[in-house]
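Each in structure tokens, the structures are laid out below.
There are two complexes below, and they share chain A, which is joined by chain B in the first and by chain C in the second.
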Partner chain A sequence: MANLGVADTPRTTSGGQGRIRRALSAREAGVFVALILMCAFLAVSTDAFLSSRNLLNVGRQISLLGIMAVGMTFVLIAAEVDLSVGSTYALSGLMTGILIVQQWALLPAILVGLALGGLVGFLNGVLSTYGKLPSFITTLGMMSIVRGVALLITNGEPVTVNASSGANGDTLSQFFWIGQGSLFGQIPMQLVFFIVIAFLGWIVLSFTTFGFRVYAVGGGLKAARVSGIKVFSVKIWAFIIMGVLSGLAGILSLAFLPSGQAGRTGVGLELDVIAATIVGGASLSGGEGTMLGTILGVLIIGVLRNGLILLGISPFWQTTIIGLVIIVAVAIDKWTTSRRAG
Partner chain B sequence: MAQPPIIELHGITKRFPGVLALDNVSFSVYPGEVHAVLGENGAGKSTLMNILAGDLQPDSGTIVYQGREQVIPSPLVAQRLGISVVYQELALCNNLTVAENISLSLVANRSALSFVRRGQFADHAREVMKRLGLSNVDPRQSVGKLSVAQQQMVEIAKALSMKATVLILDEPNSALTIEETDHLFTVLRQLQADGVAIIYVSHRLEEVVQIADRITVMRDGRHIDTKPNDDSVTVESLITKMVGRSITHFRRHARPSGGESQPALEVEQLRSGSIRGVSFRIHRGEIVGIAGLPDSGKDELVECIFGLRPSEGAVRVNGVVAPIKSPVAAINAGLALIPADRRGAGAMLVMSVEENTVVSSLKAVSRLGMLRRPAMRDLTRTYVKKLDTRIASQRQKMWTLSGGNQQKVILGRGLATEPSILLLHEPTRGIDVGAKAEIYDILQRLAKDGVTILIVSSELPELISQCDRILVMHQGRLTGHFDHDEANEEAILACAMGQATHRAVAQT
Partner chain C sequence: MQHLRRLHFGLVMILIFVLGGVAMAQDGEFVLAERIQEKIASGEPLTIYVSYHDVSNEFAPFIRAGVEQAAEELGVDAQFVGPVGADADAQVAELETLLETADGIAISSVSTDALAPIIDRALEAGVPVVTFNTDNPESNRLAFAGQDLVQSGREAGELMADVLGGEGQVIITTLDAAAQWSIDRETGAREALANYPGIEVVTTVNTGTEPQQIYASIENAMLANPEVDGILSLECCSTPAAGEFVQRNNLLDSVKVVGFDLLPATIELVQSGAVAATIDQAPERQGFEAVNMLVMFLGGEPVSNVDTGVGIYTQENIADVAEASS
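Moving on, here comes the complex of A and B:
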């Protein structure tokens, strides 16, 4: 307020157009350049990085994080946050696993898992809108509740999906193909899922009226309401998308590594998901972010982890460095682009 | 002025990337004067005030304060020198009490570990408040519960408690009623008598003419003129100086009255909270204003009509009962609202001009839920052109626009839904004179084209110059009903304050 206020900003000169254009894409361009530099460095300093096997491996490793980051992009743009995604990931995966062990067919088992994720999202959404609670609180509570439900239904025991646990053989092979198989003998199925989800997410966010409404709700809640947008419904749907995608990631995870435990699976995952999305340019205050940015953010985190391993750097450093990247990415953005005063 | 000036500005220049915000500005301010600084948005007045407050440093030029050349490197130094600023957007801690807010400055300069003596706060606060005639405010009340006017007084009290010798008021009255403004002026007169120099930045020219001793006009970063406020100064002459050309169309175009046709908007026995039964009708192509003090219910009324607030009673649009329970229903019934809080409820600041324009017309610019970019562009271009909105690009973010241009974009958003009834809530609050005149022009044109317009405003000159009829509210009821020809500020004010009624029963 004490700064030069927006209302009194001197008139934009005709030269302002280029600057505005540049500011728009600055974040994505910055993340993209950082990614290219990292890749170039790793390509030169390690032999393994550029091998197709390693790259596909990176692709598989980021897939589950990426699928959830797609959902988180909607939630953050709508000016909300979801901390319950790690727990939902565990619950949906374990539920589908239990049903498969109980000889359910694959499709219904997966649908129940996804529906459970959607239900968690719906509850998050309703409590954060009609319930008038901040989503930080709602989803913090839901993080614990959902984790608790997962512990209750599994009795805290590990869930292992294999033939000896009683699952139907055909169902099992289909399930494992989803998690462990590959397309054209090359591309891991998890990566295929991520690519499809990211593409759909991009279409929905950038080209549909729903995507537009998500931006509007996050860009100015009151203004969106006055403009005739059903703001609560938009937010609830953003949470539902998030919940279903968390469920999907959880199911894919169990299909890859067919054993999970309610007390361990996906613990702390929510922070990785939020971190990747933020690095990609989404803002916690809403209204800003793109699907392309999120994908770049996920890639940065993935390549960084992979590179540190290839370079033989201690895993303890990985954790530290990823933390630094989050802060540096947002800091560069804040310090270089001039934003609204106040 | 026999005394030497308290502040002399010599050749102050300030450059921002791409813009010369202040270009060699020089003038002086004397103790005990109310010195108005006028100019359109972008004229450089806020930049200048920020320099005096220590928030910005000039690129060149000097400030002479109390006869000595002075650098003001920070707001804290400005405060110590005795320069206090009351900003338009109030900077109070809503969770603290009145006394605590007023005494904050006593705490700010102490070490973090020193003890706070609340009793001392209350005494100190009471003393300052007494000087301001703020006897009706309890110093122990938390600031968040006060009215905007009272908060403003607390701000001024805070400034005084810092022993201000120069008090800068930046748009002090954009949220005040006439009554409250009168009180503010009384207080300013007192301070003036005590020798405080008051720099008064405002858009409300009528009031500037009323309160100022001298008037400085700025335009495009340059100092245009500093003159005593004598009989030769009129609102029109000030506007001409501010804009650099004369604006004549502040007056409404003569139009034949509504006639016998079916009313476009009928409100019958509307009740909600403080609104206790309001009925009126507006005919097609009419401009009707609603005046009233802040607690009159006029602000709630427009929110009820647009479905932002639950209410009882009937609203009929073109003869059809419209059960308006939400803004979505209102828009579907053919209503559009330009909200009062432009930055909060109007503009989506981080989004583009294009996105802000089409947001209410998504159905028109999409097919099967998919946005059609060309349609979005065309719709935006149409309304940018129609309203002569000054933008560099449709992709430009809303926060980069001036208030007047933001308002035009929001108006364009409303018009893009092709409403039969346009509701405007404080349509020109905080907008410079040039843009204001343009918006009035647009409203008159729309009315001519058959759009029915309801303006709810605190600015009586605005209502009197623009409306065919003015309704006045007091304590949730209509107390006055004026045709254009019989409307004048005194009579409207008397109804607004509940001291008179005027044809209130005959509600056509």
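Moving on, here comes the complex of A and C:
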């Protein structure tokens, strides 16, 4: 799959896309500066912020959001959107939990969870392409369907994965290790997963034919079709990646806090994921966005949330401020882009 | 036949008289709808709707179990309904739809203000309404079955003061600081803690309802306030999260957790000592009493508030429920 030449050449040779690329790197630089300023401010105003414990906490707290934002980057660049990710996160995690409680081995239980996520993504993709429905509608419906299925299979009762729930002891300790363990006794496993997935996402998006096609499909449907790209298949794969990553995040979530509940787990997560991805520079109209930008966006949201709590700011203000940051980040980008273009 | 019919008629008249008397005592104007009077007279099974404020939360299965038990024991058609997710508009809309067919309604309100008008409307239409779990004091509901929330908050505050030995800094955690039940319990808890000059309530942490966010909020709040000696959780779901936090960071000796309810995760944390004490509110009984009160009322008996009580569990007595649940 890795094909540096194919991925890079067409984008730099066409004038329009070259301009987009310059704008994007300016956008990333802007987000990066904003992040540094935020960190500097927090470092000065509260002692706790720069402590290694807090930084690792932040790293862990953004990981699940980050893993899903990697998937959302593909979907948004392909000019689609996925609102069902929070529900998929709940369904996959709870399903894996139920199987572990029923004494399944870890790997098959996780694979079923991931496959369920992939299936939701596949359905989203097919309905949004061959089914001719806008993905906003498809995934809005799917958000509700998947949440309902999660409630049905759990009967609304919390799924608790622990020794007294009947799970196998070895499976349990492996499961808890992927959610609660740490690498070298320091780096939380969730963060390790995020780093690996972000890296893979970056490779796929920036250096493979598939990544190039995702940009092409989102940048201009007709042009992509004329140049022989199977537009529908590219979009469906973007949704499948999103679904599997939502499932993975949900499984890691249950491995970290071994009790989930279908009515609450992952509710409202889709908005956080979309917000982080958009702050990082992806556009709802497609064709724009980078993996580096998304990671910066996720960091902004994570540091902001952590910082507001460390500063002891009222929870109602926290909600307000996060909303303002989303609007300001996108507004600054739009205004500077139109100035550059004009 | 003629004779029987006359007897029925007589019974109905007596019933109406008694009901009227009860209603007058409660409210001054409640009159049972004719359609329901006829139904009682004909001996058809009564249709009762129990509308819970979020049928997808942790408690819903327990309350539903109580409702189903009541339906079976009392021989009525009791249905457990309510919105998925605490959605006031959805709860009101559903009740509006059910109003025509209901012979009695029990309501646990998403929001006092939002639900009070529909409760009063149902009463004006002659459908008896009681409240359970979360009361609606702004409405003219006939009676309430559940925990006195302010009182349960006071109990939690007392427990906290007790495990801390009357000295220390406390943070309060809640899923939704602006919800009525949370405000009530917080009021009670702060009231109780205020009696101990050695105890300071540092802050109230609004954790949100998503499990990862709950844990992260507690983690961040503890980092911002490293001196904290006690975490007082006001509900089911930040209780196990606080316990997990204490257990994972080896703070069993320095940070005490007092919380609510008996989720499986909470039971385990009480056993391990990471949660010092938890207060149960007997959700099955709340569901049962909701139906029972309506059946009693429709049968002409007077109804008054039922306090479903406060059950306190610590490491010493948690084995009772741990065995029962497994």
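Everything that follows uses one rule, which is that the second predicted complex is superposed on the first by the 314 of 342 C-alpha atoms of A that agree within 3 Å, B and C clash if a C-alpha of one lies under 4 Å from a C-alpha of the other, contacts with A are read in each partner's own complex, and residues count from 1 in each chain.
Keep this in mind: a contact is a pair of C-beta atoms (placed from the backbone, for glycine too) under 8 Å apart; a residue touches a chain by one contact, two chains touch by 3 or more.
All values reported here derive from a predicted model rather than from experimental measurement.
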Inset, instruction - Pick one for A:S233: touches chain B only (first), chain C only (second), both, or neither. - result: neither
Inset, instruction - Would you check which partner chain A:S182 touches, where first means chain B only, second means chain C only, and both and neither mean what they say? - result: neither
Inset, instruction - Please indicate which partner A:L257 is in contact with in the superposed arrangement: first for chain B, second for chain C, both, or neither. - result: second
Legend entry - Touching partner for A:E157 - first (chain B), second (chain C), both, neither: second
Inset, instruction - Look at A:Q174 in the shared chain and tell me whether it touches chain B only, chain C only, both, or neither; answer first, second, both or neither. - result: neither
Legend entry - Contact residues common to both interfaces of chain A (with chain B and with chain C): none
Inset, instruction - Name, in rising order, each residue of chain C that touches chain A in their complex. - result: 54-58, 60-61, 84-85, 177, 203, 205-206, 209-212, 215-217, 219-221, 223-224, 226, 237, 240-241, 244, 248, 263-265, 268, 322, 326
Inset, instruction - Could you pull out which chain A residues touch chain C in their complex? - result: 46, 48, 51, 53-54, 57, 61, 64, 147-148, 151, 155-158, 160, 162, 164-165, 180, 253, 256-269, 305-306, 309-312, 315-316
Legend entry - chain A residues touching chain B - in the complex, by the definition given at the top: 1-17, 19-21, 24, 207-213, 215-216, 219-220, 222-230, 287-288, 340, 342
Legend entry - Residues on chain B engaged by chain A in the complex (per definition of touch): 16, 18-21, 41-42, 44-47, 50, 53, 55-56, 75, 85, 87-89, 91, 221, 306, 308, 326-328, 330-331, 337, 339, 341, 343-351, 355, 359-360, 362-363, 366, 369-371, 390, 392-393, 395-397, 399-403, 413, 417, 430
